[in-house]
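One chain, subunit A, links the two complexes that follow: it is found with subunit B in the first and with subunit C in the second.
Up next, the complex of A and B:
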């Protein structure tokens, strides 16, 4: 699969990355090579294999009870920074 | 609908689950805590922190699913929804995408007596984001402040099919959904505080048209009464656009409650490509049959079912049944009173006539009656005292009021205030004689045919006994003596 410069632009935007115009061509080539490498997997016959999303499939119930940890209400974040600050987010009105 | 247009509406509702801790960490979900006190590396999205699922949140989501007649999928998958916003510290929200927990449910609604089934497409679980504070700080012109106490609080999103055809239907759907979630005790139904939020997908088409029109998504409908207004406004706007030769643009619009209109949310180059993919930090959510059945057995009767029972078993009117099942607490109160007194009709009258008035006067929310000064047991006892003739129905009114004020049982109030009914006919007879003697003139007139004054004599006897005389005995004696 070939990655175009337009693809690079789009992916960069989604990833919140700035890409200098001069870098686009090189990145497109590099990304193409990476995707082509992964494409090798398409040559395998996986029709008899169940799709998996995790490496560890033996874990069925990594689950906890609904208990509040005693540390809660005492977060270091709450004690020291109170509120986080970021540059003004433009409100969508 | 104007000019033969038909509205097509689908709703997406987010409901906060009433767990104590967050979806993927042990931080408290308590509302109103100092900013960022209920946070940890997981809900602050710090690198390396790993999520661990809250079992109760899943049980509540299953309960909600069963409550709206959904199929619970044996396997659900957690996905990452990727987007950048400061109140989402990880850069992705953990949600369920192509494999949600519950699917294919429905809710029955009724508008102007017309019943209709609204299909539910799916219910999926996800985590809430933090809260952005845009205003109110000295540096608000330059900075946005962030509070992550809400980050990671468990939510379910309930998505309907585009089955709704009017704002009235949307309102009724929402009322029923809210009621079901409250009955199940999985959500507190508070739209104003944001624990129940609702977005509406709205389009219009000419009557008879099969194809859907282009839809807009309405957000920021943060109050129950705005649901209808926002949809009505948007439907009228869309019809107007089409009628004047324009085209509907697929976009997100915000409801502005002050101006009572929807406004386009200018997409500031925001790409709607969330690049969902399975979250590798979380295993599949496996829900076996046993889990579903355990949840099913813990479920109370739902409002619709209770209303039916009240009408069929207790012979109450549809209206009364509706009032008495308005909240689960009230419905439980009524059922408990009936169980103890065996008098559904009388219990309904006392609750609807007196108790609800007291609650209203004292601003008691009938969602929680655990602090009610009158308990079902006390009401049932009082009903019994009326039934066995200890007190009259009229005196019972006073007793009821006193019970509410003092929280004392009826028996104690009756003894304290000497309110026991006088049923001894000898005692009543003396009083009747005295009344007739004192009112010689009316008696004469009565005997001359002016029988309409009978109530006057009853009133005099009641006055003389402080309302304690057995009314039947008073009537009988008066009739006999006046006949003379």
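Up next, the complex of A and C:
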């Protein structure tokens, strides 16, 4: 499949990326080549195959107990700092 | 002091006998870095003061006659995508140029608890995306065997630091070959453990279902020592495997007679460097002479692995890298158009070309209308790749392949063509897709004196037998083939 400059612009918007106008053509060409390459997967019939998102065996738990435990190498920030000041990130339109 | 001719256990023995002090060694290491690293450029950040402080602590222990930890006073280098408290963690990216970690990664913390001394943080392809370390947001690292060539990537700084004798051992991370390829190009040992074996807590995420931390060293024995320290369950990583870690060092000296080694025919493709092929064939003969049984096997879906990998890895990366928005980490670019504009301007200024390319590809593969055709399809092909290996491991104990189709290439040779760079990972990425442990060991040099790498792959959690087979190869002279 061919990726157009408009596709690049659309995907960049989804990804919160600004693409410089001069980069669009090159990116469209490079991505087209990569997408053409990955299109080889279409040669395989995988309709009856289950997807593998994660190859993990013997995982004990996905979440740990809600318990405070000291850990060496951790930040003291929680102990020493009363508050974190952050810059304003929400602006009016 | 150059560390090229000493190993970790010998160094610790010298400390024990009081033939050397850790302070002398660490001072010597920084002198060596000053001499060598202006050419190689393996390090982004040096931790001289803290390392000397650690060294004094080791020396005090020696003086007091206390028992030394297994890696006491061993100088290690850490890839710059692992957090070390109060030190820069740039991940090779301008977007994290000024980011100082508030905590230490579990793997690094375990090394430190075992007595190791961190000397610095090493250069890498930005966010570990690359096979040559040329994609670093800061500078290019050079191969110590030939300064006009790449060290491989993305853990190029770690591999180069060990090969050049500036660190005794190093930690790298491997998402598609990022430990094994640089190990191969720099003539050192590199291990990618089973997925879930080493905690990823404190490792900057690239592709979470593929990333794994592992050691780089000159010998298999040292790699085994490091693995024994860093492997094991950690409740700070939700994908950490709760599988007991076998003693790896103890088993190294077991003979490999009767071990079944599979050689997949799909890994000996056209266009493979003839000298690399000859070395791998010599390695196979060496194993035969040790009494191993060599069997030709087939991993039929190998040809689809690169395509599968670049869809899955980029999709996961596009999601993982969404957090770099100028709000919580590192760089923030001023913008006039409100929050959204600030996000975009920050990401445009902070990310390099390859990272942007992969975020775009991953976003595309996950976008509405393409999710089933690309991302979901890749996950299904991943199942097929995994099944290939499961079938093969019914017949053989270990699989033998080249690590890379070529030796280290020239700096700049592949930078204009992302696809050709991706294809240099062709033999390493299957391990990551299947979550298997793999090791690259040196197997001689080509006629230009450039190292060739041999890859061995074992079944899940079989690091012990894997390193045993690699160690016996080293003992039989395989590194000098």
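The rule we apply is simple: the second predicted complex is superposed on the first by the 56 of 93 C-alpha atoms of A that agree within 3 Å, B and C clash if a C-alpha of one lies under 4 Å from a C-alpha of the other, contacts with A are read in each partner's own complex, and residues count from 1 in each chain.
Keep this in mind: a residue touches a chain if its C-beta (ideal position, glycine included) is under 8 Å from a C-beta of that chain, and two chains touch if they have at least 3 such contacts.
Owing to the predicted nature of the structure, the values given are computational and were not obtained by experimental measurement.
Visitor: Once the shared chain is lined up, is A:14 touching subunit B (first), subunit C (second), both, or neither of them?
Guide: Once the two structures are laid over each other on A, A:14 reaches both partners.
Visitor: In the overlaid three-chain picture, which partner chain does A:31 touch, first (subunit B) or second (subunit C), both, or neither?
Guide: second
Visitor: In the superposed arrangement, does subunit B or subunit C reach more residues of subunit A?
Guide: Comparing touch counts on subunit A for subunit B and subunit C gives C.
Visitor: In the superposed arrangement, does A:41 touch subunit B (first), subunit C (second), both or neither?
Guide: second
Visitor: Is A:77 in contact with subunit B, with subunit C, with both, or with neither (first, second, both, neither)?
Guide: A:77 contacts both subunit B and subunit C.
Visitor: Between subunit B (first) and subunit C (second), which does A:64 come into contact with in this model arrangement: first, second, both, or neither?
Guide: A:64 sits against subunit B and subunit C alike.
Visitor: Kindly classify A:50 by the partners it touches after superposition: subunit B alone (first), subunit C alone (second), both, or neither?
Guide: second
Visitor: Under the contact definition given at the top, report the residues of subunit A touching subunit B in one complex and subunit C in the other.
Guide: Touching subunit B and subunit C on subunit A: residues 14, 16, 53-57, 59-64, 71-75, 77, 86-87, 89-93.
Visitor: For subunit C, which residues count as touching subunit A in their complex?
Guide: 85, 102-105, 108-109, 112-113, 195-196, 209, 233, 235-236, 238-243, 301, 303-304, 306-308, 310-311, 318, 322, 325, 327, 332, 338-340, 342-345, 347-348, 351, 356-357, 359-361, 363-364, 367, 374, 376-384, 386, 418-419, 422, 433-435, 460-461
Visitor: Please name which positions on subunit A make contact with subunit C in the complex.
Guide: Listed in rising order, the residues are 3, 7-8, 11-12, 14-20, 27, 30-31, 33-35, 37-38, 40-42, 44, 46, 49-64, 71-75, 77, 86-87, 89-93.
Visitor: Looking at the complex, which residues from subunit A come into contact with subunit B?
Guide: Contact set of subunit A toward subunit B: 10, 13-14, 16, 53-57, 59-69, 71-75, 77-79, 81-93.
Visitor: Would you mind writing out the residues of subunit B in touch with subunit A in their complex?
Guide: Spelled out, the residues of subunit B in touch with subunit A are 19-21, 26-28, 30, 33-40, 44, 52-58, 77, 82, 84-86, 132-134, 139-148, 254, 263, 265-269, 271, 273, 275, 278-280, 282-284, 286.
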